[in-house]
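Two complexes, one shared chain (subunit A), two partners (subunit B, subunit C).
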Partner chain A sequence: MLSYIVKRFGMGVLTIWFIATATFVAMHLVPGNPLAQEKAVNPVIRANLEKQYGLDKPVTTQYIIYITNMLHGDFGISYTQENRFVKDIISEHFPVSAELGLLSLFFATLGGVLFGAITALSRNRWPDHLIMVFVILGVSVPNFVFAALGQLLILKLNGWTGTTILPIAGWDGFGSMLMPSLVLGLSTMAYLTRLMRATMLEVAGTDYIRTARAKGLSTTRIFLSHQLRNAIMPVITVLGPAIAIITTGGFVVESVFTIPGLGRYFVQAVQQLDYTVIMGTTVFFGAFLVLMVIVADILYGFVDPRIRVEAGR
Partner chain B sequence: MSVGRAETFDKAVDFATQTIQLSLDDEPRNLNSIKAVDQISIFFIEHVMEGLLRQDERGRIVGGVAERWEIDDRHARFWLRHNAKWSDGKPVTAKDFVFGWRSGVDPANASEYASIMYSVKNAEAINAGKLPVTALGINAIDDYTLEVELEKPTGYFAYLMNFQIFYPVREDFYRAQNGRYFADIKNMIFNGPFKLTEWVHAASFRMEKNETYWNRDQVKLNVINIPYVTNDNLARFNLFKDGKTALEDGMRGIGKEQVTSAVNNRMRIRAYSDGSIWYTEMNHRKERITSNKNLRKAMQAVLDSQEIVNKVIGIPGYIPAYSLFPVWLQGVHKKFRQEYPAQPPVLDVELAKRYMQQAKQELGMETLPPLALLCDDKENAIREAVYFQSLFKRTLGLEIRVDIQTFKQRLEKMQYGEFDMILAGWGPDYNDPMTFADLFASWNENNHGRYNNPEYDAALRQALGTSDPQLRMGAFGKAQQILIDDAAVLPQYERVVSYVQNPKLRGVAFKQTGAVMVLTYARVVE
Partner chain C sequence: MSSEVVLAVDNLAVEFATWGGSVQAVRDVSFKLHKGTTLAIVGESGCGKSVTVQSLLGLIPMPPGRITAGSARLRGEELLGLGAKALNRYRGKRIGMIFQDAMSALNPTMTIGDQIAETLIVHTGMSAAAARQEVITLLGQVQIPEPERRMRQYPFEFSGGMLQRAMIALSIACQPEVLIADEPTTALDVTIQAQILQLLESLQKSHGLSIILITHDLGVVARMAQEVAVMYAGQIVEQGSVDDIFYRSAHPYTLGLKAAMPGKAAHKAQLQVIPGSPPDLFAPPAGCGFHARCPHVMQLCESNAPPLFGTTHQARCWLHHAAAPVHPLRQQLIASSGS
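Up next is the complex of A and B:
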């Protein structure tokens, strides 16, 4: 098991290096100058600026400097927020995104497992149909629509009652986190519901369930100790990457509900060609994703002993 | 350090405490006055700092830190008031201006606006690293007298004194920050009407009245609270509707949908001019067919600015433009455009077709290749581009290929001349026609189409060579006519920003240069 974990981490580091290099190359291939502004500056000023950001050096030198600095945990200073270190941007805004992400993941998992189980147990009856309609909506409607609708709903509620039932935006206590995390978790919830339903049904047709039923076990007992435990496996698999995606990718939800998370930096940096922030956030996200996949794999081994045995060989 | 919770009040305005609440669309890029370039930074800087001169609520130049001043062709002299203080109680002295200005042109600081200081003696040479910063033509005769030597006559020098790069910077404080000057709350010192007292990155800001400001009795608001930062226009408009913010201008005007929503909710829609002018820039490089004057004249003769404003933009208040120089610019006595009116071009499809015929002959082409129209990926620009496409096709049989690009990619193409036409705009840096006229000078970096007309350059040189208002405005009048006759650029409109405001908030001032919205004179009524 230990050598397996070490091997996985070694691969992880290699993956992150690859992500960093690919991002660096791709970023420099994109046309456009990170220092260009609507108002062009004269050659003297441009030269001064390029010198300040080290853009006057050859690209290979820039790459070496950047990888070396990265090993020291230094991603440099943002081009668009000229007084902020990229590592500060990440360390200040990631916790907000993580808080939002974990809450929405909580809703998503709870809802996904619950609704998935309900639909599977009541296959082809009305609760199944009803939930599946919402699932299809949840998967196919992009979350900026839900975000706008959610905000409008609160706005109407507040206007209607004349008080602030929930804040329509901001990041100030649980009330303000409720709607954004529900909206952000919606598509994951829908996806998990479908996954849960499918695996539950698959498990229901297996021999050991039939055996359990033949033994005369109660439906509840079968569900809890045989069906659920086996059906939850794929859910854990997708949960790893989902944590990473949801805790960093809430850009739309963050801007609609004015939440100071990392999502906006992720997107705006690309639009603004903010080299250092692009590199910092991408490498950070990549590393986080890799870590979560490894964690999911290890957890998987704990839930299912067979995988542990295979990996151990 | 981590992001804390934004402290939100329940109300947009509060009379008792003279507090208002606002939202912003982004973080300021850099609050250091010698480095700032973006509107949001400038908004903060103008509220927490003050230069030698400032603009009052009607945009007129009045004394700031200086109570008296004299400016001629070669010199400027300022007498500073003795009661101007920094927020730590120390007086604002002439030395603070000397250090601030030297920092502005210091190449090590790589200030993007350094070029606006080139009218001060030796500024350009210092900025290019050819002279030491001490050679700059600014001298503190004593603590309260400042002597400036000019490189060349600068008719608009007084307006520049309200531009952030000319603001004071106190040397001892600056050095104590170790390169973090104005990076965070703890690295700031103020001499303006307000103090920035809270800044949680990308989350919230709080400005409080500065009790050490010499003109504090004029300042009525105690607190300006900004607990929301998002670039989602609809979200910010919703915050206004929910009674959380006191003013919403969508940062560049609320959009068509919000205008409709405001009308339906019986809100009063107000508007201010942000001073910017929007036009179609032409590529005058030899290898481009748009370098042909008759082709440009043909387009000019079918382009109806009025129709663009009414049908394409469709937001009330936009002013159709016929000149590069907006109507709000000051002339000698009256507005520049009252003194030098711009004739709208004659709209005549038949005439346009004759121009077109001539153009084809001169170019030796039977049919013209499609023209590349470069524009950004914003809604307004795309709508306009599509309109041009159908207009020129219908009237002139001219094909337009619309080239939509994201911000940085568009800038790249503009810089390298990869276009025939661009939908572009320009916001002024100071209240003088030069801030626009300069754009089409053959030597200007922002002259993307490389328009090069010796007569035009000569008119500009004339305006640059004197500070006599009559001569200068006359030269701009000439320049204006040359651009129209040459169809060098096709103006479309002057932007007007629509906004909604809480009726209890009064006295918000708007101007066209620097910080567009000024809250220094604002107050909350009962």
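Up next is the complex of A and C:
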């Protein structure tokens, strides 16, 4: 198991290096630069600025500086916001995004496994049909629509009861996190429900479930000790990538609910070609995604004995 | 042979509803299983062998499967038509079951020991610790070396033969009266096959098991069975003692099966086959299911279904009718009932 984990981490570091390099190259291929403005800038000032930010050096030198600094955890200073270290932007705003993302992932997984199991167990009966209608809605309706609907719901709820049950926006306490994380997790929940339903049905038709029935086990016991564990494995596999979708896809939900997360900076930086912020946040999100995929893989190893032993060899 | 009947199946009929109509997989099947003996059900793929035994314990998927007629009594207690809860008192406890491919028939993410212990805990109310001890004994009984270590392993860490042994240990854990072995050796190579059959024989003696053995291997039948039922197109076309079937075959299909068996001396000769293929069970022929492939077919066979002729040795063939032309096959039933 240990060598498996070490190997996965080694691959992870390589992946992050690749992400960092690809981001660097892509940014320098995009026309324009962070100092480009509509007004003509005095060439002397421009040269000074370029010198200050190191943009006068050859691209290869810039790349080496960029990678070395990154290894020290230094992502540089923002080009567009005065005196703000990228490091600080990340450490200030990422915890908020992470909280939002993890909470919505929790809702998505819980709902996905639960609803998936319900639909599979009641296949072709009304609970199945009802849930699958919501699943199709969840997959196809973009989350800014759900975000607006969610706010409307809170508004009506508060109106009827006359008190503030849930705040409409902001990021203060669990109550304010509830609706945005539900909205953000909705499409992933829908996807997981479909996946769980499919694998549950697949497992239900296997020979070992027939054996379990031939042993005289009750339906509940077969479900809990044979079906669930085998059906949940593909769900664990997609959890890692799902985190990425949720944390980066949080931008819209963050702005609708005015949540001070990292998503806003991520998008703004791209629009303004703020090299350091783009690179910093991209590499950071990339590293986070890689880490989550590794965590999912390790979890998978615990659930599936075949992988555990394979890795131990 | 003891005449105590453990399991009696009468006029069993099973259908599967499909988009193309209903498939009549099992039609009017009756047999008796005597205590301490082995009944072999033989026939080619798709003739309804597995469906017959699996429907007894409600293991066929229902729907689309449906038992349309018949009864199956374990020591007089009716099994067909029972709900899942009532059936669970028989499944695994009084009727054990072994499946063909042990690798896919065991849960890949659960240890062998836990899978065997589970059935003990459910049926006997044993504690987990007591069940573990019992699993060690059981694995020893089926000759798995180092049972304490092996019980903590997963199916993928076992070889095919070892898995089938574990499967047997699982099926006899609760000391069932009847053991249904659905092609237990088909997925194994010949030397392992012999070991598994030997194990089944010795367990039959020590536990007084009555076994229903499903196979398409006549060699296995000759070795294991006292009684044989030959199935074709969802029906039993001939049944009797193993000697009746092998030495006094009374149905053209049984003759065909025997001829198709590779002999010891004939390894240079081409294998004999029965020409044609089994009938479409969406619309079973009005007459005998075998008439299109039968070398002895008569005009009558096409539209009139033959009943079972004979008493202890029975065959479903018009040649045994008193008015049929005299045929060598006809002597076989007479010879059997005379003996």
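What we mean here is this: the second predicted complex is superposed on the first by the 294 of 313 C-alpha atoms of A that agree within 3 Å, B and C clash if a C-alpha of one lies under 4 Å from a C-alpha of the other, contacts with A are read in each partner's own complex, and residues count from 1 in each chain.
The criterion applied here is as follows: contacts are C-beta pairs under 8 Å (C-beta built on N, C-alpha and C of every residue); 3 or more make two chains touch, one makes a residue touch a chain.
Note that the structure is a prediction, hence the values are computed from the model and not measured.
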item	value
Superposition on subunit A - do subunit B and subunit C clash or fit	fit
Which of subunit B and subunit C A:V303 touches, first, second, both or neither	second
Which superposed partner A:N230 touches (first subunit B, second subunit C, both, neither)	second
When both partners are placed on the shared chain, which of subunit B and subunit C touches more of subunit A	B
First (subunit B), second (subunit C), both or neither touched by A:G159	first
Subunit B versus subunit C as contact partner of A:D172, first or second or both or neither	first
Touched partner set for A:R264, first subunit B, second subunit C, both or neither	first
Partner chain(s) touched by A:I45 [first = subunit B, second = subunit C, both, neither]	first
Angle, in degrees and to the nearest 10, that opens at subunit A between the C-alpha centres of subunit B and subunit C	160
Contacts of A:A148 with subunit B and subunit C, given as first, second, both or neither	first
Touching partner for A:P58 - first (subunit B), second (subunit C), both, neither	neither
Lowest C-alpha to C-alpha distance for subunit C against subunit B (Å)	43
Subunit B and subunit C footprints on subunit A, overlapping residues	none
In the complex with subunit C, residue positions of subunit A that touch it	205-208, 210-219, 221, 225-226, 229-230, 303-306, 309
Contacting residues of subunit C [partner subunit A, same complex]	57-59, 61, 84-85, 87-93, 97, 99, 101, 104-111, 118-119, 122-123, 154, 156-157, 170
Of all residues in subunit B, those that touch subunit A in their complex	1-3, 5-8, 10, 23, 27, 29-32, 35, 37, 107-112, 114-115, 124, 127-128, 180, 182-184, 200-203, 227-232, 234-235, 238-239, 241-242, 244, 406-409, 411-413, 415, 445-446, 448
Subunit B-touching residues of subunit A, taken from the complex the two chains share	30-34, 36-45, 48-49, 51-52, 80-84, 88-89, 91-93, 95-96, 148, 151-152, 155, 158-159, 164, 167-173, 254-258, 260, 264, 268, 271-273
